[in-house]
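The following pair of complexes shares a single chain, subunit A, combined with subunit B in the former and subunit C in the latter.
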Partner chain A sequence: MTYLSDVAALTRKDLRVELRARDTLPAMLLFVLSTLVVFHFALPEGTGESAAYGLLWVAIVFTALLGLARAWVPEHEHGVLDSLVLAPCDRSAIWLGKTLATLVFLLAAQAVALPAFVLFFAPLDATALAGVLLADLGICAVGSLVAALAAAGRARELLLPLLFLPLAIPLVVGGVGAAISPDGGRYLLLLALYDAIFAVLSWASFEYVVTES
Partner chain B sequence: MIRATGIEKRFGRRRVLRGVDVELDRAGLLLVTGPNGSGKTTLLRILAGLTAPTRGALEVAVDRGRLGYLAHEPLVYRELTALENLDLFGRLYRVPERRERIGMLLERFGLWDARNERVAAFSRGMQQRLALCRTLLHEPELLVLDEPYAGLDDAGSSLLDRELEELAGSRALVVSSHDPERLGPLASGRLVLA
Partner chain C sequence: MGLALLMALFVAPEDADQGVSQRIFYIHVPIALTAYYCFGLGAWKALRLLWRGEERYDLESYVAIHQGTIFGALTLITGSIWAKASWGVWWTWDSNQLVLFLTLFLFYCAYFMLRFSLPEGPRRARSSAVYALFGVALIPVSFLAIRLAEDFIHPTTFTREGPQMTGTMFATFCVAWAAVTLLAYVLYRVELAGKRADRDLRELRELLS
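Here is the complex of A and B:
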């Protein structure tokens, strides 16, 4: 119970900070909508729906990347991460709190982006939506870990995409597969498996990411 | 409380600390002095467990939850109010009777009237007072304070003098300072870094 209340306090703190600073969510919303608008005009007439689903995933991954790049900025301003790391709570609670807050931002961006996608491009069925939700979990779990790793270095903007994008490829494959394959369930299984494995790995390794050697 | 022998720290090829020995009992104040770049902050980060020494043996006989660390930066969220910051850290540090303790510290450090203001709107001195509240919130047994007087006005400095005098009798303190005269009478030991 203490672990969960620590996670809740840390998530609430991130949401409150964003509500006041408005640094992350407006940027994510603007990016995802403008990307979909550009794709709408860039796709030639008669292009199949498969290409559109691929583009949706390009928009989702890069929108998430934008949010992740800012995820640990409040902790690095004023060195707050040091006081979190010294607290007697389980350090993985810091990662989980950040993961949940990032998930909220990503879901909020998608609440606008997915209806826009349906309006401009193609319908999304239940399997495709389940794929988006499962991929979101993986993106935020892995992304929060690598964003913490990148934020500790000087070349944060360069390091984060280098670390995150290769790890996001299975999520893109799973997300697109769930949307276009007649056997979308297989891809949902792949995404669920990815989420389970990488969430456990991220949870277990976060302590080593935030502890200086 | 602390026993460190032969502490060395390197950042790449640059050696910041060499052969530093530290010994501190359960009560007392160790004053760490030295010019800029002599490694005071690095040593304090090592003692707080925030960075590991490259070489040497370090024993700190206290859990990290019983340690209070004050850095150059206030280590609080700019977008949260003073009250929200202390409430968050009070929860994470398992402070019993959290609200009462927070209220008492805000009163003592003259921040009660500003408790609902965002830290981003605080002056440097107010941020330092809030940082001191955060450091003392969980009544730590070991206090590691890096330049605690930085940014404080005369009233704030006098307040801190009284706090340190009180704490030095019952807690272990490691304090770095550019003003050794101020803390000299309180110090039970001195460490001069070159």
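Here is the complex of A and C:
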């Protein structure tokens, strides 16, 4: 139970930092809305709904990238990460806390983006929404680990998209498939499989990313 | 080792005379398979590094992935040439394998970006190892995803015409396969030796200065 309370404390810390500083979430919200508006002009007339679903996923992935790029910045600016690593808790709790906090930001951004998408472009059914939720899990689980990898290097803003996008390809396939395929269940399965594999992998390997030796 | 190179250079093309566009098959498929086990080997070494913490696995993992990326790039090139010869286009999203290789190629290029942006040391070794492990998990998942994606990107799947493999063709294929594998192994050893010599030299220089 201490593990869960550690995770909860870490998530709360991230959310509180965000509530006070308001660095990330307003940027994500504005970004996703402006992306949707840009897509309206990028899509020629009569392209149809399928193309719009594809673009929704581009918007989601890039919005998540925006949030992930900021994810470890507070830790690095104030040297918090070193203290967290030294703290007597399991290191994977740090990853899980960050994943949950990022998930909250992403869901908040989508709470605005998805209604806007329905309003501007095309309706979303239950399968599509389930696809969004499952993909969010995968994006945040993989993304917070990859962001931690990128944060250690030079030019981290540059590195993160390069590291993250190839890993996100199956998520985009699953998400778009769930939205437009008549047989969306298979894509949800793919997303669930992805989430399971990569969440376990990230959970197990996070310790090696943040420790020095 | 010399024999392996000779085989790769001479034996495989010599036997491969069953039609012009089929010929590249003997190079393309073994290269692709070799790239897979280079990636697999890289991930295995990465796992050993995280498990045992021995520093030498870092270089071995890096070299294996480096070889894998080179073979992956060659797969893309030969695949593209083959596509041009038999389907008339340089690139087709119909071929699952090609798309998978493109994904993997991008992924492993990012691996090098990550590696070169970190300062040398145990931290870099571990970070690269973790990312390399993500790579092997990505291979089956992407394969599945690309298979599924065919449904909505291309409703009709492309069936390749051409004869079943006969005995001699299969033999040629096996020879080519063995040759390319050996070639990859030789290159792996050579690069590893080179990189180790490089490192030792640098250490000596630091000691002397």
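Methods note: the second predicted complex is superposed on the first by the 212 of 213 C-alpha atoms of A that agree within 3 Å, B and C clash if a C-alpha of one lies under 4 Å from a C-alpha of the other, contacts with A are read in each partner's own complex, and residues count from 1 in each chain.
Convention: contacts are C-beta pairs under 8 Å (C-beta built on N, C-alpha and C of every residue); 3 or more make two chains touch, one makes a residue touch a chain.
Just so we're clear, the structure is a prediction, and the values are computed from it rather than from any experiment.
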Clash or fit: what happens to subunit B and subunit C when subunit A is overlaid?
-> fit
Touching partner for A:Glu77 - first (subunit B), second (subunit C), both, neither = first
More residues of subunit A are touched by which chain, subunit B or subunit C?
-> C
Look at A:Ala21 in the shared chain and tell me whether it touches subunit B only, subunit C only, both, or neither; answer first, second, both or neither.
-> first
Figure out whether A:Ala87 sits in contact with subunit B (first) or subunit C (second), or with both, or with neither.
-> first
From subunit A, separation angle of subunit B and subunit C (C-alpha centres, steps of 10 degrees) | 90
Thinking of the overlay built on chain A, is A:Ser5 touched by subunit B (first), by subunit C (second), by both, or by neither?
-> first
Quick one: smallest Cα-Cα gap between subunit B and subunit C in the superposed arrangement, Å?
-> 5
For subunit A, which residues lie in the overlap of the subunit B contacts and the subunit C contacts?
-> 212-213
Within the complex, subunit B is touched by subunit A residues 2, 5-6, 9-10, 13, 16-17, 20-21, 74, 77-80, 82-89, 212-213
Listed in rising order, subunit C residues that touch subunit A in their complex are 50, 103-104, 106-107, 109-110, 113-114, 117-118, 122-123, 126-127, 129-131, 133-134, 137-138, 141-142, 144-146, 148-149, 151-152
If you look only at subunit A, which of its residues touch subunit C in the complex?
-> 50, 142, 145-146, 149-150, 152-155, 159, 162-163, 165-167, 169-170, 173-174, 176-177, 180-181, 183, 186-187, 190, 193-194, 197-198, 201, 205, 208-209, 211-213
Which bits of subunit B are touching subunit A when the two form their complex?
-> 45, 48-52, 63-65, 67, 69, 71-80, 84, 88-89, 91-94, 118-119, 134
